[in-house]
């Protein structure tokens, strides 16, 4: 009613939340409380509040100073220097100051990560090993030691071998293997986070892995005061936090909720402060003008994953033989392009975002917001330009071109029939068993294919796996296609495109999902090699970042034009929330997105209008 | 006076008929006929049995008369969550698919599963239970086997089976039977032990009757009523177990919807759209109540002590 | 008496139940012979081991010591399949409780022909049918009863079905384990008559087990009195009634109810007190005190019994 | 008695050992890739994987692994959790959870015993009258309605109408436990009522009740002094086991109300291949199972003087 | 026997409803019970002995009810009693009962002594230690050695005969006016039976009870009874003093019953038997219920129910044989023999 509108007018005066209550689903329950030993987002979302590295990210995703007051490189990224504040303290769970934070803490931490016996699961090793001088060698060295020896190592050997030094107590210098202009973006990842030697000594080296929250040392804005596995985590404000001026909650409580439907009723009763809306709730609220939450629906910002349809170019049948039909078909460029231009995913997008489905369209391979040209242009905008993507008309997907698709389809049928491909081409797609959500989406996708491309052309088959996609599907190479989202590890396009290159072991998707290296079609391989050359060319440019990004953009455009992989979607859902998402840190890489620092909140939930205003301001 | 006269001439001996004496009072009797008659006397059970058969038959008819074919269901988010109406008799689900044909199709699957499992459990359970109960020397070892299998949570087996073997209707049937027979066997064993040393079994031993015939003829008939009851109760519990397993992702394959799966899904929507829950729930409840009542009634009826 | 054919011989029979601490000797040092064509009665109080002996003969209870001979062949312990089959055919049993000894869920037809079916003792279905009909007629039941269930019958009729079941095997020897104890008085006579008649027509030999001496007197030729697993006295029926020697026999006799109010009111109950026997020094023996009259006692007691006889 | 107890306990140990061995072998039948998280599977090279498996001892020959495991068991060393709470001692992972499950479960059990038996008694007293039918109807209803549905109804009713909190919280356990306890009790109330009624009716038909009536005992006296105790005996056998089983928690209920208990732990642990947790849970369940039966037998023996424990053990 | 009866049942009809059908277990049956006497009711199984006597204490199964007639006791009509509360004024203190099966008549989970004590506390207004003392006395009285020890034992530790003694102790501990013993010895063997019979007789004398003794064993009747009532198919067909029944019975059923006793049989000759089965009580019975099984039935037996004919003031029989119009009929051999032996003796 109108009463609500009035209260909206006074929003500015509305009170902020002191004790935030938010939620998590059981699949994303924390497993590990020691920040160096985990790479799981579920853990880091919590730990980014209790631990802090050199830098932070702002709502736009840019790096800003944190513990490091200044940082930079003078040699195109071969050596990086971080100058720290001198007023940062380590505290224990009761908030008692335990030690000052010094440069050595970063050495201790890196040593921990690289020491094969301290960090036996190998978490957080990949970036240091690929970037920092001597890291790989040191890890190999520790492997050769017995567990006892390795645990007892002091840092002298480490400092000798690895490219890290501390000229003074508050300066850390890293030496990279090659020119790494983006090395600073790694500083927001757990692999460059510090840990105090004092802490290790206090708990004992062998107990660090299984340390409890009561023994941890904290240097972040919050202290983890409660962790009841399967139920609650409570973060309490760290009174000794260095950033005295920032805005923090007194406490943040993260409750575990069976699913968002249950969460919705909790929001309804005021037990939690924000909730993502599941399909049914969203629909019910949206379609009913009188629903009390009708005006409070707010669209979230995209999460940081760029989802792609990744084809398998060396697919196998269940019996282990090659699926020649599929492999031949997918090697055909016209076939792939017909999917690119012809497949209308609007209905799929509606599943998550029925109000504004087209906002979920993903246009490129790299995630928007990863890097910017020096003029402020987003890298992805440049890619869109290069592939001549039409502007959105708000009615259909931007890349969609029915006529072109039709032509390509004809061409593909012609070319493939000649090679003996049988139509419809069967396309195997796997989802987790027991997940109705996945099944529903897959069903819709299946119909999208049938409707847009005709089920005499491509037929999507839905299969299931029980526990592990990798184990049950990817390893035996059973899938035709996987929809996978990549989240950046650090702030460079290489991190995205590098996963798709040909013939390189570090290319994750090529090695595991697309199996391009096992493909036989010469034309296909040629395309990939071409793309790989383009990427490598860009990699080599380290001095001028604009130039570097432009080269990447060329490579990415090539990839998209040849439909080597097809952008699928962005996850943008709707919520009811008392949190202003635009005030929340939004890095595409790093672990700071759930850092409850400087969040704007309102005890009265935000309205759609409020959010529109925020968005406008944000995008300025 | 004539009355009295008539009486007078009745004061004479009549011939004694031994046959007549033997026959007095007893009528012809057929066991199964009496079972059936007794069963028919339980109105509620009969009604429920009829309802159940109607349900089964109707599930076939329903799929035919429904406006949508299960195999050709199309998603259409614009039609999602339509409450029951003339077009969609049971409304539509979250993807705008006709719920009517899903419910009936699922009902068929569930009933089929439950019946097969119940029967399988029963056959396996009875056979093993009989042997277990009758042959003393096997008691120890079978009890130990029972303890061992019973002490490992079923979830472990089901997960491992799903992981190692896969998921399908057949696998589900086999694995549910594989664990379900235990309780049945245990039950049968206890009963068999009760009847094992009855005097009529001694009589059979005196006559050299082989064990299997003693079991089949002398002991099993006494267990019939309890077996039937257990059989009847295992049907709803199978449906319940299936839905729990589905809830955990260990249920049937995705291409076979069951009432359990429908229920699981409906849970997410039932506050806004109760009909999604109500239809499958009502069918499950109907099946349960039917088998509960019919099982009870039948086991009563099968007991000849209750035959007049 | 010597020339009579011995059908069953029990030699030093001992039967125990359980093992170790729970070992319980139910029957101990039992010796007697049963002659062909006689009715041999075994009386004693509840739990004295009567049934156990009967069951040992029909091979239901294993024997722990001693042996049982049937027509001179050992039938206790491990025996050949053929002999086992023969024992099954030749030695049958009638049970105490007609309620419990018939399978309520089987038709009379099956119950009676069970033995036939087990050993295929019939030519064809028709033959079996005829045999069942005959058996029913023999025990005085109507052939049409074959298609009925046991619970439709009265106790006496049921007991007759049990008898028919045993008789269809054409046994020579029948253990009748308290066949009338569970029956109504008015039906007891039927069964006793039937047993007597069958003995005559078929030349059967009975081991008749009972606790009621009055019944036993009516039906049996010789009587053995058993107490706590031991036979204490054995004699011809009338002899035992006229000259009971062992105090336990006397007690048993005194307890028999007499359907005559005058006598019953004046009768004196003798209570048996086992502690009167002092077997610590003087070991008891099983002695034939008169021809055919055995009694169990030590020398001192036997002396007393002899004096009693002389009186 | 003492000897018997020892014998039974030894026997149980053997059972538990066999169970544990079976589960151990079953778990090893799973491909070793389950050892890794999806993330790790993505990132690790085959050498890395092998290295880790080697370190965890999963590549050793099976007998060696088994022997090592037995050795650990002997020392009551159950190892660390890998995934549920990385690096934390399994015993402490389970420890907190089972107290919560047990608290909820025992409360629910006590309530259902009390209410269920009360209903059963009321039904017996009103046999074949309206209250009896109402009770039976409740039993049928609870069994007929799938538990997912009834829990949803409880949740909806409890939170919407009564305004009860719908998530369990350790900070406010009393209020937040209400709904889970109600759900836990629903079915067991029905079954206790059913069995109480069944046993009491059976008991009422016994001859000694007639004798008690003949000597002039009142109906209430009969119920209290004779029927109830006797009817409770067959029920009592299962009570210790029921109490012990509450430690296992209820998967559905605990998931439903986010109770941090044992219920979902086993499935979680299996799906995440947290082998130590799975095995420890199996040991726990097996011990509880055998112990439950054993205690049941002891209780029966205490209640029923006719029962003397013999070597045969709890199988009547 | 010119005393007033202490309990007088008139034309009692008892019906059971069984699956919608009516079963008439007692068909217009009358009985007078005099103070201090022992009445034995004999009859074949199912003839209604238990049902009839149970109706005196309102112990009929819930599906049965008295549909006709009256049972006068102490000036009140017990047939009209409906409420449990009314019955409690009768049960125990006034009328008590010993049931057939000693194995199941005791609560298996209660100490034997307590069960007796309960009976004392309920009916004699004595509580606690004193009641316990009386219970111990009672145990001793029924011939159980070491009462102190036995008091604390459970029924399963007693043998059948001892349990039956306990049951009797419980019933007698109520000090009832009337004690109904419903086949108290059927389950026991003869030696024990004889002891139990003596016990009941002794107790009766000591406590001055009137005893109704139900049995189908005529030997037992001869032992205990002053008066005998013979029941057949829900009716008393003959009653008289014990001597009258044994030495001069007139009803053909009584004859058959006596003749079939093996004690009276002649070795080598078949015993007389009662062939056939008793009538189905669901059906209406026409004429004399025993007629179909009576080898010398009269035609009228199948037509009309006979009235009671008085033979002596204490002896009546319900048979047409006593009708003056009936053909002359001899009493069977067995009865003659019994009478002869009695006369010979005395």
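A, B, C, D and E are the chain letters, set down in written order, and residue numbers restart from 1 in every chain.
Following the convention adopted for this analysis, a contact is a pair of C-beta atoms (placed from the backbone, for glycine too) under 8 Å apart; a residue touches a chain by one contact, two chains touch by 3 or more.
Note that the structure is a prediction, hence the values are computed from the model and not measured.
Number of steps on the shortest path from chain A to chain E, with steps defined by chain touch: 2.
By the document's definition of touch, common neighbours of chain A and chain B comprise D.
Ranking all chains by how far their C-alpha centres lie from the centre of chain B, first place goes to A. By number of C-beta pairs in contact, C-E leads when C-E and D-E are compared.
Central chain (C-alpha centroid nearest the global protein C-alpha centroid): D.
Measuring from the averaged C-alpha position of chain B to that of chain E gives a distance of 48 Å. Chain B and chain D have Cα centroids lying 26 Å from one another.
Per-chain CA centroids place chain C at a distance of 54 Å from chain D. Chain geometry summary: the mean Cα position of chain A and that of chain C are 92 Å apart. Of all residues in chain E, those touching 2 or more other chains are 275, 277-278, listed in ascending order.
In chain C, the residues touching two or more other chains are 153, 157.
Residues of chain A found to touch two or more other chains are 265, 467.
Annotation, chain-chain contacts: A-B, A-D, B-C, B-D, B-E, C-E, D-E (touch as defined at the top).
Those residues of chain B that touch chain E in the shared complex are 7-14, 16, 18, 20-26, 41, 306, 308. Chain contact summary for the complex, chain B toward chain D: residues 139, 143-144, 147-148, 150-153, 155-157, 159-160, 163-164, 190, 236, 239-240, 243-244, 247-248, 260, 263-264, 267, 270-271, 277, 281, 284-286, 288-289, 292-293. Of all residues in chain C, only 45-46, 153-155, 157, 184-190, 192-193, 196-197, 211-215, 217-219, 251-252, 254-265, 269, 271-272 touch chain E in the complex they form. By the touch criterion stated above, chain D contacts chain A in their complex at residues 31, 33-34, 37-45, 48, 51-52, 55, 80, 83-89, 93, 96-97, 155-156, 159-160, 163, 165-171, 255-256, 258-261, 264-265, 268, 271. Contact residues of chain C toward chain B in the complex are 55, 58, 60, 84-85, 88, 92-93, 95-97, 100-107, 110, 114-115, 117-119, 141-142, 148-149, 151-153, 157, 162, 165-166, 169.
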